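Paired with chain B in one complex and with chain C in the other, chain A is shared by the two complexes that follow.
Take a look at the complex of A and B:
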């Protein structure tokens, strides 16, 4: 190492001589979340260097090697015992999800798994970036602040991809316990009503202030999230195609811009890599300031358009340490950087150098700036009232050199920092749960209507209007298919469609994009491999319903799991990753980005641990070739044909009907290739204008989908169950109405365009199962041709609209008088 | 003919400037988005523009109250602003821009720019996005609504939009001077409660002008309805014309052309 300046700031304890026990004690005391193997790797590295590490060096390594930053669980070797077979992966992520993307080799994937977000081509001139993050631990402790900084962070990811993309859409998905939960919770656990209200307010206040529409998302309620709620936040951005790839040269300046550095959010990355317990400290949660970030956004896009910098990244987990560390690796040649922390503007005096280095103070970006552009960049920043400082210079030394004035506080080889993490083989095991197939009781015909009301008012089905209305989903003037649809603008849309006029500025170009999600943790409890298929299927079906080109869809994965040290949980994680790989290949839909959040575990005062159900979120984005042909779910008029795409099968595993009747049973099969073709055809049929409405069948099956389409459009539907294409065992009225077989979409077709529609859909299982009515009723004819159900739409809608406000103790939505 | 120049004045937290610029471009103007600092520094002069627009957003985070800080900044240019308005040129304050106009004492217009009204927190106490129906005051002489049907639809998205006045006299004066341009109504065109009146505004007021009709402040967002595909029910094919929001901008541009 360089000897010009001695490395100071030595720790109180000697590392070189420390026993394993001492190392572990230090680790616990400092909250580094490192394993003994990792601690010893650091020890032997410094033994080789024949010097003690500094505090800043250990902190840098702990942040960089954290689960949060390195995803070491999914990238380290694992041996999976799956029933009787054994499979070994050296790097499960690379060999499953990323391998599928490589194999699919889509030319329109511009930057995948390498930058802050996945990037695909949008229209040849613009590239589309999408990133979905979680912010679970912070939201559990401080829902409002956690959600705000979650949104702020993912927006910065998109600002920090390539040379920076302009955010045009935010998405949000929450998993939590139902808000009317009545059982006692430990003192340190917030009640889910408070959590939900806090995170909605946080997403609202940050997203609305940033001027980014929040127009897609969902909420999933399950009691097993009561200790560890999940908050997924996503951002889609657009940038000029030539801004996707970046190159830093030695000699470029390290320029930090945005908020000042304070003591907030210290140890965020390592904190999120540990279980929550009664001692978890809310000061690890950062503080957000939306207008500061808006100023940074405005300034960054101006500087980008003047091409004043060569690369940019955001300060997220690990603060400067990971932002600067990441950029240093991207410098041409061996890489390297030299920074002086005394140059950073501070919120308060008296911060230790390692605190400046590690602080997760929000709204900061780091740029690589050619010296000749510095003045121009600073002028643009200053004009937007954004503070900048030159922290140092990128070098070709292969080292990360950190100074505080004259003092050298850290000096690490990039090679060791980024590739020195020791890997150990993890054990994973999967034994399929024994599913007893209970005999299906006969459901009396009279009960079908009450089951429908029960399904519509189920927390996972009922209206989310109370949440959606709090988000500005129309700012930027491009939300052409809105999240709330139908005559009264309150029906549940499958997916929004964005016409990005605020970027293209060209209302004569009609290309847009659509975003949708899939999340089925209840499937994962039975079969995590199948869960991956169900999630991908659901997301793509939703895109198809909005009129997107599913053949050009790209997907993102977010894994939220419990304890990866538990081989069974690890087993379900790996099975899910395998499912993702195979689903991607069979749907021919590449993954472009992903993120995992593990250790969603709560330890109570007696040491008992609770894990969340393994949860996979699939987020999908696809272009809509012509937004004028996009579609909504509401029935458009009387006497139109109603078609059902797909075949219904009898398996009721993980369905609402099974939970109502207390049944157990296997999951339905997902026919990936058939569904893929059908969704593509539906998208084409829509672009040709032969479809009036479409809605996919998910929780609650046909009955719920038909009810939602009918009350959203205020026209009735008549369904004839006898006409449905189904497996032999599914010929039961309750099953036909409530089964949740994936791959099914209910479609309203203009009778005059029926021929065109059938032509476009040729090759897919499609049955005309009914028609639309002028009467506002949902009428169902049973297998014997007699009317089994005739439910007034008003009552169905009420069942669907009232639960969430009631659970949140707020006023129900007003339904309006006559039109 | 040269397109008239429209000044869109922004500040930290303004976030509807892009779509407002596009709306003005479509309406035939030449939009120029400038930071309010340029006005303060004297590098931008109002007199060089034919139209002035204060777009939506959260200027300075709406700290203190919505639009308050930006309004204070504009108060430093009151003579210039009043001259601009007096010259008859169109001024439009949308959402946050309306809040700014009200807090700067420009709407309701008073001789000494005294603030006589406010846009307070919604009665529902939360931010809400929804499309509303508006009835245009047919007695208004304002050029902004020329040729528009009596009932129009536009989206609102705000947390502080409840119009309130300091004293009943203010409302009387607004009525007398025909300064009330748009009111929230229900599907039958009648005044109704929430959600038709989305914020609990006094007298269902959604938009005001000065008595001369050239300075407009409105809570709904006309720039979000400039093509038919912006309407929430365009897939129901009940709407075939351009967005009504664009008409408002067009009227303003045509007036100065």
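Take a look at the complex of A and C:
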């Protein structure tokens, strides 16, 4: 740096001479969430430069090196002690999840792990972008604002991938404590009922106001989320295939567009590296402005189609500092940028330059614009009422130079900023919990029906209609398969199917896509490696049930974990990443994007810490070759054949039955390769038209799946347990009805097309286990051929529909005269 | 957090007497008496979960604090044209006579406003929308909600309702009164 330009904002205290203790005190005072190693790396960098760092420089480094931006836990060396064996990773993320994608080498993966979202080919002309993020900490403090800005942020990620994709679908998954929780909570922790109601309203308002359907998701209740609820939000968008890759040239202008900059959301990124405690600072909490973002969306797509800019990214965590810093690195050659913060329009006067640079004010995008296109871009933005400003110019200096008018507030080498983060080996340990060998359940035959009611009304099974109905899942007119299905549009669909006509504008092109999720934190408690397989399997099984082409599925990972400084937490995290790698390889399904949220820990006033259960969310997307052949779960008529795909095994670990009977046991095995082939065949059978309905067996097993299919279609089902393909130990009525072996799908088949169906499914374990009935009952024949259960569908449906409204203290849904 | 951090963004275009403070109006919009107040009902249903049994009815109205060089007549035009649905709602300004929607008998009133330093997107949209009605653009619009709680309640219970159901101290400030 030239000595002629004085550095403003230099701290009164000398960084160059500061002791480790002073550095750590500064770190705590300013909320940077940097480790001592990182602080010292900064110190020695500036010692080499023989000058004091500015406040803006330290803030920029803290943001860029934050967990949120760099994922330093998953990209730094780890030594894992797994029982007796030891494995070392230099960069666990690259060596597990990314390595699997590289090895699978799918030509239809267009952009993976490099941009704001993962991009795959859709139909040759269009590319599909998908991103899933979490917004856990803000949602814990202010559920409505946290969820809104979470949705707004992930939409901007899809707007900011390549040259920008048009969002066509939003997804949302919540993990929280059940809303009728009665135990006392600390004063600063919101009751889960309030959290759920707030986040649902936030997701609803942002998606509905922007005109993007929210049509896929889920909720998982577990008391261990009571201090740290998890909120995952995702967006799928489409863009022309030639907009996927971008190139910035030196001389391009840095143009910011959208909302004004205020003091909101300072330290959001570093905040995500810290644990919540009593008295967490709330300056990271914001309220979203969906209408503003809708204007930015409209203007951006018009400007994109006129190819007025060369690259775009969103202002997320870290605000301008990370958006401009990221783009600067993508400039051809050495990269570089020079910006003047005094040009940024502000919400309020009196912001310090570093606050402008770091503010996470929402609804802002940064563009790289060739100077000759500036006027045209500004005209389009102005026509949509979007404010723009030229912040500076991209350069080839290899430096990030930030001015405020004439004052130089930061001058950092990009090399140090992006690659200077010191890495430290982390300790990880995994000792498998001691699981009692499978205890056989003892269930009286009379109890089977009441167990089924109990399973249907379990918080993790019961109807989510109260949530789903608040979302507009029809806007844009492409939701072919809706989240609620069946005769009365209230059955639990496995996956939605979207026909993106609002983007392609081609009514004769019937290609669509389907999105589904897998989330099994209860598996992770027993075996995190197996959890990864269960999640991938569940997501793909759901896609298969909707009629998607599973051989073209792509998946995204989201890790939400507790304290990574605890070797056991770290151990389960790395085990899960290994599981993801192996599942991706065995299912031949590549990861295209991912995100992690660590430090989901709560520290109470006495200093006791509570971690969430390690939670992996797998989100999957796959094309549906012909949306007219897409599938729902409801039984379509009487006297049709009912087939069960897959084999039932006796392990009851993490199943509802085990929790009801207070049993412990090992987890079922996931036969990845067999399941993969079966799902692919099922998708093909559906495209040929031989399947009438399909539903995967998840929580509550066969009994719950059959009940859901039956009451959604208002036709009965008769099941013969004696015909089920099962392991030796599974020949027990309760096990056959309630086991949760993955890889099983219940399928209704037209008897006239049974031959075609069997031909298409050749090679997969398939048994005809019953038929559909005109009578509205679920009838189960026991192993001795006698009728073991005959339950009216009305009552089953009521058990399934009432729990959530009851827990939320709202009216149950009207049931259109079915009772 | 410090309330003095905030300075208004826009200043009125015609400042005749810069010293005189800008007029500030409080507008309140409520559903007409007799029409369903679904938000109020859903809050009422949650009172038992706080162990509070005395609540009889809750009526909710929207609050707007509009600051700018506008006359009362212009504010009323803004209410009719933008803020109030004439079929289901009624409005009042702090200077007008209350209409039937606001004559609801003895009640607790809890006002919940966004803190000054929290961005208020609805307020921003209202501020930008008034020129569309041919009115001057206000310098500042903030939004809030007023909850009118009818029934036998102690001040402590009202405080609990405000803290546990209506407001989040992280982004809101509240004002409780009895009438």
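Everything that follows uses one rule, which is that the second predicted complex is superposed on the first by the 812 of 819 C-alpha atoms of A that agree within 3 Å, B and C clash if a C-alpha of one lies under 4 Å from a C-alpha of the other, contacts with A are read in each partner's own complex, and residues count from 1 in each chain.
Simple rule for what comes next: contacts are C-beta pairs under 8 Å (C-beta built on N, C-alpha and C of every residue); 3 or more make two chains touch, one makes a residue touch a chain.
No experiment lies behind these values; they were computed from the predicted model shown.
Looking at the shared chain after the overlay, A:476 reaches chain B, while chain C stays out of its contact range. Ranking chain B and chain C by residues of chain A touched puts B first.
Of the two partner chains, chain C is the only one that A:809 touches; chain B does not reach it.
By the touch criterion defined above, A:191 lies against chain C but remains apart from chain B after alignment on the C-alpha atoms of chain A. Once the two complexes are overlaid on the shared chain, A:288 sits against chain C while remaining clear of chain B.
Of the two partner chains placed around the shared chain by superposition, chain C is the only one that A:142 touches, whereas chain B remains out of contact.
After overlaying the two complexes on the shared chain, residue contacts for A:262 are found with chain C alone; chain B is out of touch.
In the superposition on chain A, A:436 contacts neither chain B nor chain C.
In the superposition on chain A, contact of A:210 is made with chain B only, not with chain C. Touch criterion met: A:507 reaches chain B, while chain C stays clear of it. In the superposition on chain A, the residues of chain A contacting both chain B and chain C are 289-291, 385. Residues 1, 5-9, 42, 45-46, 48-49, 114, 117-121, 124-125, 128, 164-165, 168, 170-171 of chain C touch chain A in their complex.
Partner chain C is touched in their complex by these residues of chain A: 141-142, 145, 190-191, 193-194, 260, 262-264, 282-283, 285-292, 346-350, 361-362, 385, 809-810.
Residue ranges of chain B in contact with chain A, taken from their complex: 12-16, 18-19, 22-23, 25-26, 35, 37, 56-58, 60-61, 124, 126-131, 155, 157, 186-188, 192, 194-195, 221, 223-224, 226-227, 229-230, 232-237. Considering their complex, residues 204, 208-211, 289-291, 294-295, 298, 383-385, 468-478, 480-482, 484-487, 489, 499, 501-502, 505, 507, 627-628, 630-632, 634, 636, 693, 713, 811, 813-814, 816-819 of chain A touch chain B.
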